[in-house]
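Everything on this sheet refers to the single structure shown next.
Chain lettering (A, B and C) follows the sequence in which the chains are written, and residue indices restart at 1 in each chain.
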Amino acid sequence: MTTLRLDFNLNYKAFNFTINQTIDLTGITGVFGHSGSGKSTLLRAIAGLEKKLTGSIVLNDKALLNTSQKLYEKPEQRGISLVFQDSRLFPHLTVRDNLKYAAKRCINSKLNPTDILKLTELEHLADANVDELSSGQKQRVALARALLTEPKLLLLDEPLSALDQASKNKLLSLIVKIQQQLNLPILYVSHSLDELQQVCDNMLILSQGNVINYGNIHHTIHQLNFYSDHLPSEGLIHQQTSLSLPIASKDNGQGLMVLALAEQEIFLPSLPNQLFKNEQLRCFILASDISICLSEPQNSSIVNHLSGSISAIESRTVDANSNSVLVTVICSEQEFFVHISTFSQQKLALYINQPVHLQFKAGAVRTYLY
Amino acid sequence: MPSPDFLALVVTLKMATVTTVILLLIGTPLAWYLAKMTSRFKVIIEAIVALPLVLPPTVLGFYLLIAFSPQHLPGQIWQQVTGQQLAFSFSAIVIGSVLYSLPFVVQPLQKAFEQLGDSLLEAGAMLGAGPFDRFFTIVLPLTKASFITAASLGFAHTVGEFGVILMIGGNIPGETRVLSITLFDHVEAFDYAKAHILAISLLIGSMILLACVYLLNLPRNKTDKLS
Amino acid sequence: MQLSKLSSLIIFCSLLYMSASFASQNNNPLRIAVAANFTPVLKALLVEFHQKTNIETQIISGATGALFLQIKHGAPFDILISADSVRPKRLEQQGLIVNDSRKTYALGQLALFSMEHKTQLTDLEKPSKHFAIANPDIAPYGKAAKQTLQHLGLWHQYKKNLITGINVNQTFAQIRSRAVSSGIIANSQLVINKLAGVVIPTSYHQPIEQQLVIIKNQGNYDFAKQLSDYLLSPKVQQKIVNFGYANHELTESIAKPLTQQGISHAKP
């Protein structure tokens, strides 16, 4: 297992970044935060592109930085590659030559540009000038190029931010595919929780130069439901239930896919992609898309019905005049988060441990990846 | 025995070529340093580099003559190291030309390096390229046009140089007598026919050189506009 | 591709270097630093000198002031043929010349010249809008021109209309190109260029003594001395006069403090 020990601080005029955190780099680790939280700074520090920091960075017991011992590993010698938000392809080289640039400088290379062109579906663009590419294609080339350095750790800095939705989905699937095929630890920075929810195994949350949470992706997203009010969210955080569930049936014969939640079932519209039974599917349901019934709903067009019991009722903390509450309901040991008005809460006279039924439309179960 | 004008042409080309090579070797790191520098001293160094643009060449030549003469320290050091007198030697006019043409090489390069910025260099580092590797594989190909401009401006300016060389060179045939001085001598000696021929060939030669440079730069500028 | 360009550049450089160093391999020719206005005369005289002595020479032509400065700072010149006597005297004072080598080889002769019309001395009394002389503060011919105008009592009239060249060659070029209609220049310039002007009597100004000096420690003393002797020989002195310089003996007899007589001579 790859571990990354970070213990450093960095001072700019109005910005102070301090971190003391060990990260287990299994799969993809997300780094989430609003703009100015220090996400990119963190990646640049790990890559060696930020020069003015004090402290230490250790990757797999190898020190990359230790300012007290005057140790500074040069960026090109760290075995880390960074894919920038703005691709940064070399304009004087073709796509293939951009990839060769990386491959030539990689010692003991196992990958070759042709294979990577195939993996990233760029074969038809191999001889194109980089000026001719769309932003999505550019990012794929940038990703392919970074892979050819065969890094011990791949850093992605907002790789999707300049892309349209279709390109985003394509690149996200590619990132997951690459991570699985090459078994490459990835640190993925984004200000989009949706992106991170789809691909990350763990997540680090930054705010104003400090780590405020780190752990399993679903767990950290659920915790955001409670303290998101404290973060300058810029509308980035939607209270939600984040899930990874096995596929029980790809299509129930009526255009719906079925996910298994222990003995209960969750329905969502069938996805066009190749998926297998029992494969884990990432999805999320917004808290505002779920409603609570005291009795089991009958004769409803809404297909998803889950039974569970209330474990918490939380009024919104920041806004005292708020007229809504967040209700946590446990269904088959899975937490669900439901956003309802105080009016409904009072009408239904909700209380802790009360058995309730949740309902939500198939379309409310969202997934970006496929 | 070659004709004096031909000898002057050879000296001029030799001087301009050696000067241009030295200017590129010195000017590139200097321009790089200036482009990356953030300290307040940057403006001072920039001003010093630009000084030959304002200083009249004969004034610069006068002070260089004093510095290069065996009576003064720089000239003495040179004489001790090389065993030869610096003033009135080919080396002297090369050093004078390097100083005099420095801004013409440093300024376009500095501008090019500033425009290039750090982003592609960081990308290069992320692909495992060290500093020199990055310079030769990223900076050089992307600022090629500026290098050509800098080299040709340095070369052309050196060919056309008069005042500094007249002062520190001493107009010695085969050693420090260059075309511009020969031309001036012809005019002074009322040999207008020779002067005209030399002036016209100098003019045409420079025109061809500069036109070639702008032609070389043309296609790259086009792609620049596209991107 | 870059490599091949670089290597071809290096080859080009070294070829240039070789050719230039090959070309400059003369066996220490006599290096003559000469004031620009005497250069054409010297060139003509050197043809015979070379035939007689077989000495190889190199001419370094320039402004006397610049040549003086360069000699002061170690320029490898064997002999200085100056346009004045001030700089040779100063080199002598500074101990940079061979003892007793300072000799007057020619006396400057002024001439009034215009490209536009036939000139005569009386033209001086009607100052034109612009009038060209060499800078009286730095150029010997300019100084003499000023003395001439002072001698004729015309200096105040001319003072504001003067176009001054840095040396007499520039003044000559200004008049010849018709940029200035008339002015006072060196008579030798007219002779060399086969132009007509009016000779100004040498009695109107102090003599323009042009001197030569042999520079110390240059290793070509014998050749320099031979050239000096050659230039001062009566036959060559006559040739120099024929090139438009003033006559030695004649000047020495006339050269007296400026007299009132001169003015009456100029005024009809």
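Please note the rule applied: a contact is a pair of C-beta atoms (placed from the backbone, for glycine too) under 8 Å apart; a residue touches a chain by one contact, two chains touch by 3 or more.
Nothing here was measured: the structure is a model prediction, and the numbers come from that model.
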Nearest-to-centre chain - CA centroid comparison: B
Between the pairs A-B and B-C, the one where more C-beta pairs touch: B-C
Separation of mean Cα positions, chain C and chain A [Å, integer]: 88
Whole-Å separation of chain centres (CA-atom averages), chain A against chain B: 55
Chain B-chain C separation of Cα centroids, rounded to whole Å: 34
Touching two or more other chains - residue numbers and ranges from chain B: none
Touching residues on chain A, where the partner in the complex is chain B: 47-49, 74-77, 80-82, 84, 86, 88-92, 101-102, 105-106, 131, 145-146, 149
Chain A-touching residues of chain B, taken from the complex the two chains share: 119-120, 122-130, 133, 137-138, 141-142, 223, 226-227
Residues of chain C touching chain B in the complex: 2, 9, 12-13, 16-17, 19-20, 23-24, 26, 31, 36-37, 39-40, 43, 58, 60-62, 66, 69-70, 72-77, 169, 173, 189, 192-193
Residues of chain B that touch chain C when the two form their complex: 2, 7, 10-11, 13-14, 17-18, 21, 62, 65-66, 68-71, 75, 85, 87-88, 90, 140, 166-167, 170-175, 177, 185, 187-191
